[in-house]
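So, here's a batch of structures to check.
In the two complexes that follow, chain A is the common piece, with chain B as its partner first and chain C second.
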Partner chain A sequence: MSQPPPQPPPISILPLATFSPDLYTRAWQSTPHPYLPLIATTHDKTVTVFSLSTFTKHSSLTGGHSRSIRSCAWQPFSSPSSSQTLRLVTGSFDSTAGIWTYNPTTALEKAISSNPTHTEPQEQEEEEEEEEWEFTLVLEGHENEVKSLSFSPSGQFLATCSRDKSIWIWEHLGGEGEEEDWETVAVLSEHDGDVKTVAFAPVFEQGKKRDGRGYGVDCLVSGSYDDTVRVWREDGDGEWGCVSVLTGHEGTVWGVEWERQERQGGRYQRLMTAGAEGRVLVWELKEEEEGDDGDEEGGGNRWGGIPNTMRRSLREEWEVKGELPRVHTREIYSVAWSGETGLVATVGGDGMVVVYQEDLGTGEWRVLGRVEGAHGPYEVNHVVWCRRFDKGGREGEEMLVTTGDDGVVRAWEVRLGE
Partner chain B sequence: MREVDNANPAILNVSQLPSRSRKVTTPRHGPDSKCDKIVYSKRPWLCGSSSSEDEDLEEDYGEDPVDAQDIYDLISPISDPEHPHTLGQLSVVQLPDIHLSPSPAERRGNALVTVTVDLTPTVEHCSLATVIGLAVRYRLEQTLPPNYRFDVRMKDGSHAQDDQVNKQLGDKERVAAALENDTLKGMLDKMLETCV
Partner chain C sequence: MASDQQTPQDDPFDSLLHLESQFYTEGYNQGAADGVLAGRIEGRQLGLEKGYQKFLEAGRLYGRAIVWANRLPNRGSSSSPPAPSQISSTTEIEAEKRELPPLPNNPRLEKHITTLYALVETESLSMENTDEAVNDFDDRIKRGQGKAKIIERMVGEKPGGEESGAANKGTTV
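Presenting the complex of A and B:
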């Protein structure tokens, strides 16, 4: 007698808050800071930073780019407790990436200097407010619009991608302000079309094990207008190369998302990719059989003693291991995979937010819930899972944040089992 | 000056262009189009969290929902970038190649409406096909409410690089970036001068 499959728990996706103020122009993406209660939204030539505690504006970055800012990324601190510079990088249609640093001291001084005892003109106050963020450096090199950027988990590497079909990898060599030093370490030009999105993989313990195969710990994935996904690694000697080409989509790959939970058995994290044709594919690295990696047991370099030039080329195989049920009727622009619950959310041109859950027994994905018209009649460009910092949130609880063509950033509470 | 791709296109007389046969009794004011309400809308399509949430967008258009003839009226007056004629006169835009889904009769409330426009460039290798497609998409995005989605394509077999052009026109990021290009934007604005 086989038991009937357990029913998926009911789910409600409830509007939690609308970030204030509205931006009144198409907003592309909202990126939460890895630890702090801040989220940065790109729209027009501006980034608006909102507080996740109050859902209101914290600060804004203006004046750095001559065309729209498409994307942004926070540089992770080396550890949550270390006091480092708060740094945001912006990717713009003006074909550059901009590096911005936040100076809370300056911001505080300005606030004091513009207190009511001084009779500062209104305009000057506004100007000063914007100087909380300093545009410190511009990364030039791409020939056309910069579409997306991503930091490696350590914050050491930054990847940028563009309509010029290339991905550039930059290394942050340190320094602050005028001394800030960034170096191009790789230009990867294997895609046949615009590179729409890049994402560095989270690094877990089992990822470090891959060092033994001669790779660096960092792994980058890219999605392109050429309908393919590519996986890139550093070979341990500072050379970056494509180790796998993932084909299966029949349209531009708009979204790539790494699994954010560490997997059992030390297996490498999976990958989800979203295509304009409306499909989301789940990929898994084909790993060598147990016992076949005897050379790694000693923890040494598998190729130890063999000259670099003799090494087998660094290739790996990724297989489609699943697909999300097809719900969207137009392009899917973004997919988000929770590190807390393992739930997945997608958004797209049809204005829907859809939440899915994996059946851990069968490995099948099912739809848990959806919201139609999440931004009224407008398209939804981006979705992300984000830790809650507001008063109503429980410890460790996550919410969804969606960003739309209506210039509105919305937070959603996802309640399971009610 | 670039060479003109098709020096002698077939041109339709304005009276030959499709128009709505109507039983109108009230005197007409200005351009003969139901889309006046759209073009001259008193309330532009504001975005933001407070607008248009509970409103029926379709209602603002009067009793008749937007149909293929309305779409035709919006885009056929666009000027060709290389001929002194409109896309309607050159048959680049043709009424039977405009489709709406769901059809006007089946439409309810604020549901998404997909408008498909298949364009017929004047010659097979018209290098300006992308620009024409962009002008059509831009015109529709500017005038119709936000629950409309547009698929602007080259009619099957009418153009040598169909797939490439169609893919570009369907890519909102590329379209957005193109509209920030001053040269291209200037060209589009000139093509749209003959509208309204």
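Presenting the complex of A and C:
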């Protein structure tokens, strides 16, 4: 058409709050709870849990690890219910993953009641120090530093990855406290280098019916020092295996992020990967017709009831459908894709936070706005979209939370069109 | 000058004039021959070493797979591995000495052990030196090692191969 392309909406990214207290050591990652107003930040050998309504410290997890804790993940519940145990898993450089449990009713009450109009938060926090998190279980097995972990949306599977080039998948079989039972379900050693990050794909209603190829519902993706991204699935019989290798990055893949919104037409979620060379690629699964793999064992596309020992042909193909415009001048460490607005944010070694939007008509991505020196001269290690629970927030609004080497966790208000 | 036009005066000086290149060529040929020989020796050495290590690992895993497979409680069913002659001799030996305790009846455990057995079955492992065969071998061994780790944890064995009781619960997994 002869009309000029529509201008991207103006965006304001303003500092909203810093979580207090300052952590004074490099902070690595901040993970919001799926629906409770809590966010957990890893720093040094500790995890500090902050309240999202007051931006102040709620509790901390200490003493469980002998080395730096780099990542943590909340165990999702299949349905929000206050009678279920609040569980956080920590991944540490001491090669173990720790499972921590918290008294459920106290956590929920405290988080809800911790709002600025309530006069007691100080007292409650002091009481809280005695409650503490209980270090319930240690998951050992990796040979060296655990870099990242991720829960499957149902909370059934936990994936941990490590510098030993392997990904371990653990299944939570139930039980409480002493009886907690986790079983090692798979040890996947196909990467050629340090595995930096893992992420399970969100599952939408469409995906819950098993797809025609006979795979299970969950899909795991991993990024590694070997410049590749691998996609892993379960064959419905309990066997996990690599179904695709995504090459395209020219450096370590630091961040992988799934599209968190359901797509029209039942198409599979897209994947975004961020590499050390400064590029962020958007991948899409090539949907194939069922049964055209020409299999060795015949009878379906599974790995087969009879153990298939031949090298499995890669079963899926992912292709690069888009790329974010290059803005960062140094490595990109983390990318976050909002499930609410579809906006994407990246952070990296250059200290910038950049927000992008997809043009739904053309599929092109454009930069909406950026913040330079978000944590001063320090590198920003992690970014995540997070629902706002503070009183200034509108219904369902999201904010950005960035975590930096300065030991400060910052919340940013992001508003379009103002 | 053309080689067939050897006038009597050039003959005696030919070798002198081309002395340098003659020595060079001689040296080069000697070096190349030595290099080829040394390369062959080293390559054979490396091949033997690597081949030995790889198949030693494969055999180790295979042996463990057989022992585990035999300890499965319902070994007689279709999920048990083939090669009955091997199995019966193993059980005979076991019966003479001391019986290893059978493994708990767990369908997942069975699946893992069956897969492990199939992966490291030495009869089906290729000994060729083609890229494809080597990759296949490496891939299977790596997957086999991963499987062995899982089975170890389920059975309660420590990586060295010793048992530590059915200790899969408790504070350490």
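The working rule: the second predicted complex is superposed on the first by the 358 of 418 C-alpha atoms of A that agree within 3 Å, B and C clash if a C-alpha of one lies under 4 Å from a C-alpha of the other, contacts with A are read in each partner's own complex, and residues count from 1 in each chain.
Methods note: contacts are C-beta pairs under 8 Å (C-beta built on N, C-alpha and C of every residue); 3 or more make two chains touch, one makes a residue touch a chain.
From a predicted model like this one, the values you see are computed outputs, not experimental measurements.
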- After superposition on the shared chain, which partner residues are touched by A:T184: those of chain B (first), chain C (second), both, or neither? second
- Message: Looking at A:G223, would you say it contacts chain B, chain C, both, or neither? Reply first, second, both or neither.
- Response: neither
- Task: Report for A:G278: first if it touches chain B alone, second if chain C alone, otherwise both or neither.
- Result: neither
- Message: According to the stated criteria, A:L137 is in contact with first (chain B), second (chain C), both, or neither; which is it?
- Response: second
- Which of chain B and chain C A:P76 touches, first, second, both or neither: neither
- Message: Taking the superposition on A as described, I'd like to know which of chain B and chain C A:D237 touches: first, second, both or neither.
- Response: second
- Tell me which partner A:G91 touches in the superposition: chain B (first), chain C (second), both or neither. neither
- Query: Residues of chain A touching chain B in their complex?
  - Reply: 18, 22, 24-26, 67-68, 70, 93, 144-145, 147, 163, 194, 196, 225, 252, 276, 329-331, 349-351, 373, 376-379, 405-408, 410
- Task: Please name which positions on chain B make contact with chain A in the complex.
- Result: 46-53, 57, 110, 112, 145-147, 149, 167, 170-174, 176-177, 180
- Spell out the part of chain C that touches chain A in their complex, as residue ranges. 108, 111, 114-115, 117-119, 121, 124, 135-136, 139-140, 142-143, 145-147, 149-150, 153-154, 168-173
- Note on the structure: Counting only contacts in the complex, chain A reaches chain C at residues 136-141, 166, 170, 178-179, 181-190, 237-239, 306-311
